[in-house]
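Shared between the two complexes below is chain A, which pairs with chain B and chain C, respectively.
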Partner chain A sequence: MSELQLEAFVDEGLNLTPAYDGSEVTLTLTGSATVYHPESLRSYLQTLHAENKRLGVKRVVVDLRELEFMNSAGFSTFIDWLVTLQEEPETSQYMVCYRSNAEYPWQRRSLHALQCLAVDLVTIES
Partner chain B sequence: MGRVHIPDRLLAEFRTRSLERLARIETNWYSVISTREAEIGVEIEREVHTLKGDARLLGFHDVSMLCHKLEDLLRFSRSRGYIIPDTLDLLVAPLVGLLRLLLHKSSRQPMAGVDLVEFSRQVDNALREAYLAQPETQTSDSNEKVSMTASSPALTEVGRVTGRTLGRLARLATRVYLQGLRSEREADRRELRDVWISLARQVRQMRSVALSQVLSRHGGMVRDLSSRLGKQVVLVTDVGDVTVGPTIVPVVEMVASHAISNAVDHGMEPPDMRVARGKAESGTIHLKAMTRDDEFELSISDDGPGVDFEAVRARAVEQGVLRKEAAKDADDATLLELLMLPDFTTRQRATETSGRGVGLDAVRTSVNRHGGRIQLKSTAGEGTSIVVQLPQERQELAVHSFVAGKQRFAVASSWRIARAWAGKPDQVVDPLECLNLLPDNDADETVHEPVQICLERDGQQVAILATSPASPQVAERLCPTAEEHPVEVVLVEQGEAILIRPDRLAVKSNEPQ
Partner chain C sequence: MAKDETTVYVELRFSPSWALISDVRRFVDVFFRRTLEDSDAASRVALAAHELLENATKYSVDGEARLRLEVEPAEPTPRLSIHVSNRTNPDEIERLEKRFAAMTEEPDAFRYYQQLLRSARGRRDRAGLGLARIQAEADVALSLEVEGDIVHIRGRTQLEEPS
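Take a look at the complex of A and B:
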């Protein structure tokens, strides 16, 4: 089994921990992120996308249950990742499942809005 | 109604420009949310407004619709001083993402997997909730009028200079000018007038936009296009500190975009061909600008193969533009003129980057409309250049001009000369008295029979005391003050005149100017 070649991301109050179990990737986010310099996070997610393609992953779980807050600059990097995914040929696409926390109201509308960009690829669990 | 065919070239340009615009919108959004600087918000609104208009014009109706939603969101944010709920803030990124997706796709048909209807509903709901949660309160910026015209001073910031700051400087300059008129000593008058000239010049310069800023994105455009076409092209820009007025900016952008995409697409050989012809592997496009008197010149030249004049001759005959004999005798200048005709091209097939000759024709039309000239030059084997001369922006205003005492005045022609005076005596304005310009000793003054000029606008009547009847003129605005300010200095028939706003002058007549 190939390994996921991606370290954890820690910056600007945000922690991202990736895990790969041989079939799906789980990305767990914790902290409260006010991102001022989204470039490194954007680059991290693009690397994750490349890894997902390399490994032929069909499902990625993004666990936001422990993420208290993320500002719009940080959130935009997830949008960019989704735009990249949406523009891939169908054979390179994978599903993304967001696990949200109903206690954090910011997640509800922003995730539903995000889902509108790729209704066939994004699911939300709460 | 059938869909209007849009040349690939225009579509490609629209996409490139719009994606860059979106990047600026997004960056500025994060900035305005953290700094709450209203000018940045105004800049975003201008960009969105332009994107919406372009999209509608080219049939990208989904893009236009989303821009409309973004405008709603921006309007709310502005009215709340950019202190808004997270749920609204977090809608901007997906909105921009959606716009990006819609712009990327090759067809203008709706895109699979994207739910625009649901997204719009979410924006509407979020806004409705926000309006209910945050009823409108007066913020420091909510009184500021925001006009979505490109020439609005509020939208022409350079660095951090805002329309409000420019307005304040213009008012100060006008005060200096008036103080000069009031001075008894000739030396004081001369000195204050000199100060006014310097201030007015400074304000004009600050209203202008640095050409380097306008053209900054074209380096990326050259890189993208050349890489897509398998060419190596370098853009060398030499524009120094040349500035242009805000209304000229779109013309300059259009000229540069068309000329550069043409140069990369048609005017530059692939690397191996260049080497075989004894040229450097990489082609170079030189973009130069300079100012001369009241106009500026922009030249864009490439070191490609130059125009194939024989192909132009053959095409002119084929298209019936020239007869065979005339084509044979036509000189280079005549043949180059043909390249700026609508639908004339030496190419049999349009490419994705460059369309069917629409570009140069459209560029020439736009340049001419702004009082400029365009010239195409080409030398076989050495390259082609486009030279554009455009007059520097002049802000003109139709006025009624008249004299009171020794001073020339003007009133905007939005005030109509009234046929009959139905106002009250206290609505008669003496501009000399209001502006404290009455001479202390009028013993030497020639006595003129006073003339009452009656004006009306929006149901309001004002009469102005003058010593000459009003005549229609065109005034050049040298240092524009805001509509709320009672006066500004303009140029009428090469002489300075005081533009008065009668309604404001009547209100402010007791205040120091």
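Take a look at the complex of A and C:
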């Protein structure tokens, strides 16, 4: 089995931990994504996308249950990832499932806005 | 909050730093949760406070910003307001006025937000995303007032009526 060639992301109080079980990738976010310079997070997500393509995964889980907050700059990087995914041919696309926490009501509203951009690629679990 | 109660408010005057903004957001969340016992409304105003204070931090020319939070008795439900002001430069005032004009042109806040999100990739193409997010996600109506080199951004929202 190929391995995911991606380290954890740690920056500005935000941790992203990737894992691959041979069929799907899980990205767990903890802390608070109040990024001032979003370039490093944007670059990280683009690398994750490249890895997802290389591994041929069909589903990526983004676990936000321990994410206290995300500012608009951070949110923008997830939009960029989604735009990149939409631009891929269908054979290279995969589903992105967001796991949210009802104790953080902003997640429901932000994920709704994100899902409206790509209802065929984004699902939400609460 | 009982109908005959007076307005509850808190004001902060501080030199904002990036690290402090999250602390203030948490304070805003607690303030409104305790005042209203409505975690959803508290979360919405906290999001608005965070995005507005980030803007103030980026563009304040003297390193100071003011924040006022208010819960005002109203019918059928209390009205919440947030007011952030800071001194800034003429270029930023012009940018803000253009962003508010663009938001006013599209009366549907969610549609405007979606347009910004769909715009070309990159943060520069999504200028004003934080303001649009406040209106669309937090359901807080924003207004801009310029007084010399001071910009005042006010946000208002109402609690949902119990179903």
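By definition in this document, the second predicted complex is superposed on the first by the 126 of 126 C-alpha atoms of A that agree within 3 Å, B and C clash if a C-alpha of one lies under 4 Å from a C-alpha of the other, contacts with A are read in each partner's own complex, and residues count from 1 in each chain.
Keep this in mind: a contact is a pair of C-beta atoms (placed from the backbone, for glycine too) under 8 Å apart; a residue touches a chain by one contact, two chains touch by 3 or more.
Note that the structure is predicted; figures quoted are calculated from it, not measured.
**Q** When the two structures are overlaid on chain A, which partner does A:Ser110 contact: first (chain B), second (chain C), both, or neither?
**A** After superposition on chain A, A:Ser110 lies in contact with both partners, chain B and chain C.
**Q** Once the structures are superposed on A, label A:Val61 by its partner contacts, choosing first (chain B), second (chain C), both or neither.
**A** In the superposed model, A:Val61 contacts neither chain B nor chain C.
**Q** Under the stated touch criterion, which partner chain does A:Ser32 make contact with: chain B (first), chain C (second), both, or neither?
**A** A:Ser32 sits against chain C, while chain B stays out of touch.
**Q** Based on the superposed arrangement, let me know which partner A:Val119 touches: chain B (first), chain C (second), both, or neither?
**A** After superposition on chain A, A:Val119 lies in contact with chain B alone.
**Q** Could you say whether A:Asn71 touches chain B, chain C, both of them, or neither, answering first, second, both or neither?
**A** A:Asn71: touches chain B and chain C.
**Q** Once the structures are superposed on A, label A:Ile79 by its partner contacts, choosing first (chain B), second (chain C), both or neither.
**A** After superposing on A, A:Ile79 lies in contact with both chain B and chain C.
**Q** In the superposed arrangement, does A:Ala19 touch chain B (first), chain C (second), both or neither?
**A** Neither partner.
**Q** Which parts of chain A are touched by chain B and by chain C alike?
**A** 36, 69, 71-73, 75-76, 79-80, 83, 105-106, 109-110, 113-114, 116-117
**Q** Quick one: which bits of chain C touch chain A in the complex? Just the residue numbers, please.
**A** 18, 21-22, 25, 39-40, 43-44, 46-47, 50-51, 54, 110, 113-114, 117-118, 121-123, 126, 129-130, 133, 136-138
**Q** Which part of chain B faces chain A closely enough to touch in the complex?
**A** Listed in rising order, the residues are 26, 29-30, 33-34, 86-87, 89-98, 100-101, 104, 112-116, 118-119, 122-123, 126.
**Q** In the complex, go through chain A and note every residue touching chain C.
**A** Residues in contact with chain C: 13, 32, 34, 36, 38, 69, 71-73, 75-76, 79-80, 83-84, 104-106, 109-110, 113-114, 116-117.
**Q** In the complex formed with chain B, which residues of chain A make contact?
**A** It is residues 36, 69, 71-73, 75-76, 78-80, 82-83, 86-87, 105-106, 109-110, 112-121 of chain A that touch chain B.
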